[in-house]
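Note that the chains take the letters A, B, C and D in the order they are written out, and that residue 1 is the start of every chain.
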Amino acid sequence: MSQINPDEVFDDFAEMVAAEPGGEGIRSCYACGTCSAGCPVRRVNSAYNPRRIIRMILLGLKDRVLASDFIWLCSSCYTCQERCPQGVRITDLMTAVRNIAVREGFSPSGVAMQADLIRRHGRLYPLDDFDHKKREKAGLPPLPSEIEEVARLLETREK
Amino acid sequence: MNRYAFFLGCTIPARSRNYEMSARAVAKRLGLEIVDIADFGCCGFPMKATDQAAAGLLAARNLALAEAAGMDICTLCSACTSMLSEEAHRLAHDAGHLAEANRHLAGIGRSCSGTARVRHFARVLIEDVGLDRIRESITVDLKGLPVAIHYGCHYLKPSEIYPGWDDPEAPKSIERILEAIGARPVAYAGEKDCCGGAVLVADEDTALGMAKGKLDHVKAAGAKTLCVVCPFCSVMYDDNQKSIENKFETRYQIPVLFLPQIMGLAMGVDRKELGLNMNVVKTKQLTGEILGQDE
Amino acid sequence: MKLGEYDKTVLVIGGGPTAWEMSRSLAQDGIPVMVAAPDDAERADMPSGVEWILGAQVTDVIGQVGDFAVWLKAGGKRFERRAGAIILALDANRQPGVLPAGAAFGERIRAMTEAEDVLFGRQGHPSLRRVIVLDRLDGLSTAASHERLLRFAVRVQEECNATVYVLTSQVKVASIGLEILYGRLRDGGGLVVKPDAVQVETGDDAVRIRFRDTVLDEDVVLEADMLVAAEDEAPSPELERLAGVLRIERDKQGFLQADNVLRRPCLTNRRGVLSVGSSAAPSTQWDTEQGVTAATAEIRELYRWIEEEDHPDTILYNRDFCAFCLTCFRVCPHGAIHFTDRPNFLPLACQRCGLCAAACPGEALELVGYEKETFFKTLSSLKPLDVEGSKRIVAIACTKSAGRVLNAAPADAEIRKGLAWVEVQCAGTIRTTSLLRLLARPGLVDGVLVLACHNGNCRSGTGTVVAKNLVESIKVLLRAIGADPGRIGYISTAANDEVELARQITAFRDGLR
Amino acid sequence: MDRTSEDVLVIGGGIAGLTVALGLAKEGWRPWLIEKEDRLGGHAAAYVCKAVEGECQRCGACLVDLALKEHASEARIKTLVNAAIERITPSGSGHLAALETPDGLVEQPFRAVVLCHGFTPFDPRSRTNLGYGRVPNIMTGHELEAMLKVTGRVLRPSDGAVPRQMAFVQCVGSRNARLGHPYCSQVCCGYALRMARQIKNRLPETDLTCFYMDIQTYGKDFPDVWPGLGGEIRFVREIPGDYFSLEGDRVGVLVETGDAVEELSFDLLVLSVGMAPSPDQDRFCEWLNAPVGAEGFLRSDPDSGVFVAGSAAGPMSIVDSIAHARAAVRDVAGFLEGRK
């Protein structure tokens, strides 16, 4: 039976999350359970438990949270966020936590790949000749294969 | 009649052309002028998980393009709708954020003021076209075709970025459109449940499990088709229906149609023009019953 | 010592903040105040026009509102003073809850009062990283104890900028301002946990607490610089003695106000003896403020009542039948009987419950305006019912509950069918003989009902119980003589309980042979 | 001082208004008591006695009837029912009130105004996820009070059947930052659990569940009642996430269990709705510019002769409303006597 030990507790983790856009309201949580009870992901995969994640963050369990798989399970359906009696923006909170995780070097390959595709092509799915033919055949207007401007926008920003 | 900057996003032009075709067909029948803006790129949604600031910037760029063209945005994909609406909402309510966005957009010679309005195709139909005109456009009697509606999430939520729109806890908008075209929306358990599309990348089993739950309820409710308004939802229920059937050793054979595909049928639009032959789960039998013919 | 001189001075008992607030409020209204402070700590900010007797103990009190004789002990002397009213305003006795097994108070584990001195006392704030506040875990904390707990926790956060963990079983925020205080705690980074299985281990450098986090469903071990045990707002130890001296009721926890909503906010069973703040119940700041101000209103009202209305005798006394047995003195719930060579019935103290008259073995006492004027009148006015097969029930009804329901019911209401009733100030008024007289008229009276108030909602406190026991004893009597005990019944009710009362009266009627 | 000329306007004939008017009358003043409904007593007059087997549960609901009885024999109060306040405007050192009464418009100057307009029960329709009005057999605590008071029984609205499984959901509209209700309504634990005990006593076969966050200490008898309560009621420290209708008009809810989400169903579900400021508050605020407290309820402004008593000043029980109103009597009298 696992146990949480003092050395796992980072006092400033909750602060870190609260400072990230979307994480602001985390401390308003009453742990009432409305979020977890209504969560469609949780009904299928009990590893995902938004209330538990919030409690872990408030306790300061930084590594446990950031290195976990469960923070990537949120389907961002906003059911919990719409219902939270304390106005905790739980879906946005998960985004915030994911962003922190990525910056700290934890992110599933799929997620990184998607971001990379967009960086390079400005689209999740660049249109190749095959797509162009299909579109033409379907009588759909032509579209550029890539949006090069997106790449430039992201570069200028990262500078 | 207003003109709309038609925002397709990434998935639709490449993977859900049937949605695009049917939407264009219906728009034409209803006299909606939709304009393609070649420079539109990714809405930003897929980048949110890694870098929400960058995601917001991609959205802001698209909004800037629409503003420059002097048009509101009409979307088909619910994820695009929420990503763009969310950014529009922030740009309009957070001056600091607007300035920050423009600082970056300046780097590619663009700027925005946060005035562009973003609405989903279905919302435009209800608010700008109106149910009466939709009713008038009907030429085929759907004879109360039992349809299960999957509203999906981002079409309704977060509700704060959709002021004056449908109630996420008891949505009615698509129901009203379907009733207007002579279909019969059937209630089913878990109507509000998420398709799981966004979990697909992280955990396929969970995503498919979520989609399965919905298909079970839809089947139990005796609906002849499942109506969707988002390509992600379609991927989960249509493209993945076979793999769900195999994974859980069950059988559904529930055609999954995009809202404009059903509308098109009621307007007597040809199957091909609606891209119905591109749906993964075969739609022939369904349309056959409706049109009383077999192609 | 003699009575009979009206004196407006209010005796406030207590030396702390509540007594201070109380005397200030009275003084503001131009009411003379005398404070008997058990401790002898001088106070700089004494309200003007207030006589503050330090180290004073009230040893005996007789009399009635407007006219109390009080004996005090102070500075080794015993002396008598007069007062028009007495207000108990002692502050709570703060007791830390029980620590988990193995834990003991010391450097790192302190009770909250002590911790306040250490952390906010003169020696300034020691630098702390983490503080754990451990509350009792049986759910019996109060808004009062949590008001203090939350204030403490927020202060530790803001002044020592430490991370605060609060372990409790129920967050008690049912008082104005507490939810907002709880919000301040959370916004400041404080975490409230509702744990199971708490264990505490002390090391030299830190205190370790192990508990089951019911949200994580995992055991958590936290390390902190200090563990602070929350404290209950318990009754001051003085209260028990004072209750004896003043002959006033206490609740189960020992506060000087019976658990009876009719006494709230500040009344006791004795007119002119009030209790406020933590003398009456565990009190938040808000409760105390309301109690103090309400008590001032009460005093004003009492004095006006004394001055502007006449106060005729309430009890008729027949010395010839009196056995000087002190029964009346013992049963009087309102301290309205002053015994000299005879019982003296103090009209300002009497609340006309009639318990004394009912209990008097010699029937030497009679409640003015009851027996002859109402009971016998009703009895003699009874005519046999003309309707065939219908049953006549005579009820003796407490005017506060059943009396009100019956009067409000339309004449043709089911509840009033064949029912005649006598209203009494308190069901405790009823004499055995009255009920026997009724039962002795089978031709005229089929059933007899005693309609009293619910237990805990009785004005005299004991009248309900007395009436219930009376009916039980008469049932026994009837059985003994082979008569039908079903002819007499007891029902308790309330002014807003008409549906249930009707159901029970109908059931009683249907049960009559 | 000639007290008869010192008119005080007491707005609202609930327990607070009655207590204030009675107290002032006893002090010799001549309060006007204005009630918009056709009867005095306010919300509490509709509450049921919750006694269990002859033992009072300390809810205080009957205190309203006692106040009404006292009021009936108090000549110094000028009482107007079915009366609305058209407007209140400053006039000299006091306030000029235009009262719409059954006998037409009355204009009357007052030296002091006591706001006792009470609260409004939270309307669960405003949070559509609660299913109220959409899912059959979901009712509010106030509706349950009324049902018990009028019929003495508990029956399912949908079919009049006796509920075998019943649930209470606490903190509905209370302790809710999203709604701008940063307060505990103070009364809901008390009324829900007192009614639950009474129902359990009358229907021993019926299972009772209570979904909650924190159970508040209510009444002096709480220490005696609480330890045994778990034996009568199943306490679940969870707030349901979804409310829906099931076979046989049962109410389904989704509840977190710690390791999964469980679907529970009940014959009848009661939303323990809290207190919200009365809709009338805004008008009084505007006319008298009475300050608004952190919780969103009104505060007294003694300097300008504006006082607030009872649940118009914040959520509070009947017993606390009486205490608050008694205190207000002293403050109002002090003001009229020209004393702070």
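In this text, a contact is a pair of C-beta atoms (placed from the backbone, for glycine too) under 8 Å apart; a residue touches a chain by one contact, two chains touch by 3 or more.
In UniProt terms, the chains line up like this: B = CoB--CoM heterodisulfide reductase subunit B 2.
Every value quoted in this text rests on a predicted model; they were computed, and no experiment measured them.
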| item | value |
| --- | --- |
| Touching chain B and also chain D, the following chains | A |
| Most distant chain from chain A, judged by the mean position of its C-alpha atoms | C |
| Chain pair with the higher count of C-beta pairs in contact (A-D, C-D) | C-D |
| Whole-Å separation of chain centres (CA-atom averages), chain C against chain D | 23 |
| Mean-CA-position distance for chain D and chain A (Å) | 44 |
| Chain centre separation in whole Å, for chain C relative to chain B (CA means) | 65 |
| Inter-chain centre distance, chain A versus chain B - centres from mean C-alpha coordinates, in Å | 22 |
| Multi-partner residues of chain D (each touching 2 or more other chains) | 129, 175, 177, 213, 237, 259 |
| Chain A, residues touching no fewer than two other chains | 28, 31, 43, 51, 79, 82 |
| Sequence positions of chain B contacting 2 or more other chains | 169 |
| Complete list of chain pairs which touch one another | A-B, A-C, A-D, B-D, C-D |
| Residues of chain B defined as touching chain A within the complex | 8, 10-11, 13-15, 17, 20-21, 24, 36, 38-42, 46-54, 57-58, 61, 104-105, 107-108, 153-154, 157-159, 168-169, 190, 192-199, 201-203, 205-207, 209-210, 213, 273, 275 |
| Chain B to chain D touching residues, read off their complex | 167, 169-170, 189 |
| Chain D-touching residues of chain A, taken from the complex the two chains share | 28, 30-39, 42-43, 46, 49, 51, 79-80, 82-87 |
| Of chain C, residues touching chain D in the complex | 25, 28-29, 138-143, 170-180, 183, 194, 214, 217, 251-253, 255, 257, 259-262, 264-266, 281, 287, 289-294, 296-298, 300-301, 304-305, 400-401, 404, 453-457, 468, 492-497, 499-500, 503 |
| Chain C contact footprint on chain D (complex, rising order) | 23, 26-28, 45, 47-49, 51, 54-56, 58-66, 69, 149-152, 175, 177, 182-184, 186, 189, 213-224, 226-227, 237, 258-259, 293-295, 313-316, 319-320, 322-324, 326-327, 329-331, 333-334, 339-340 |
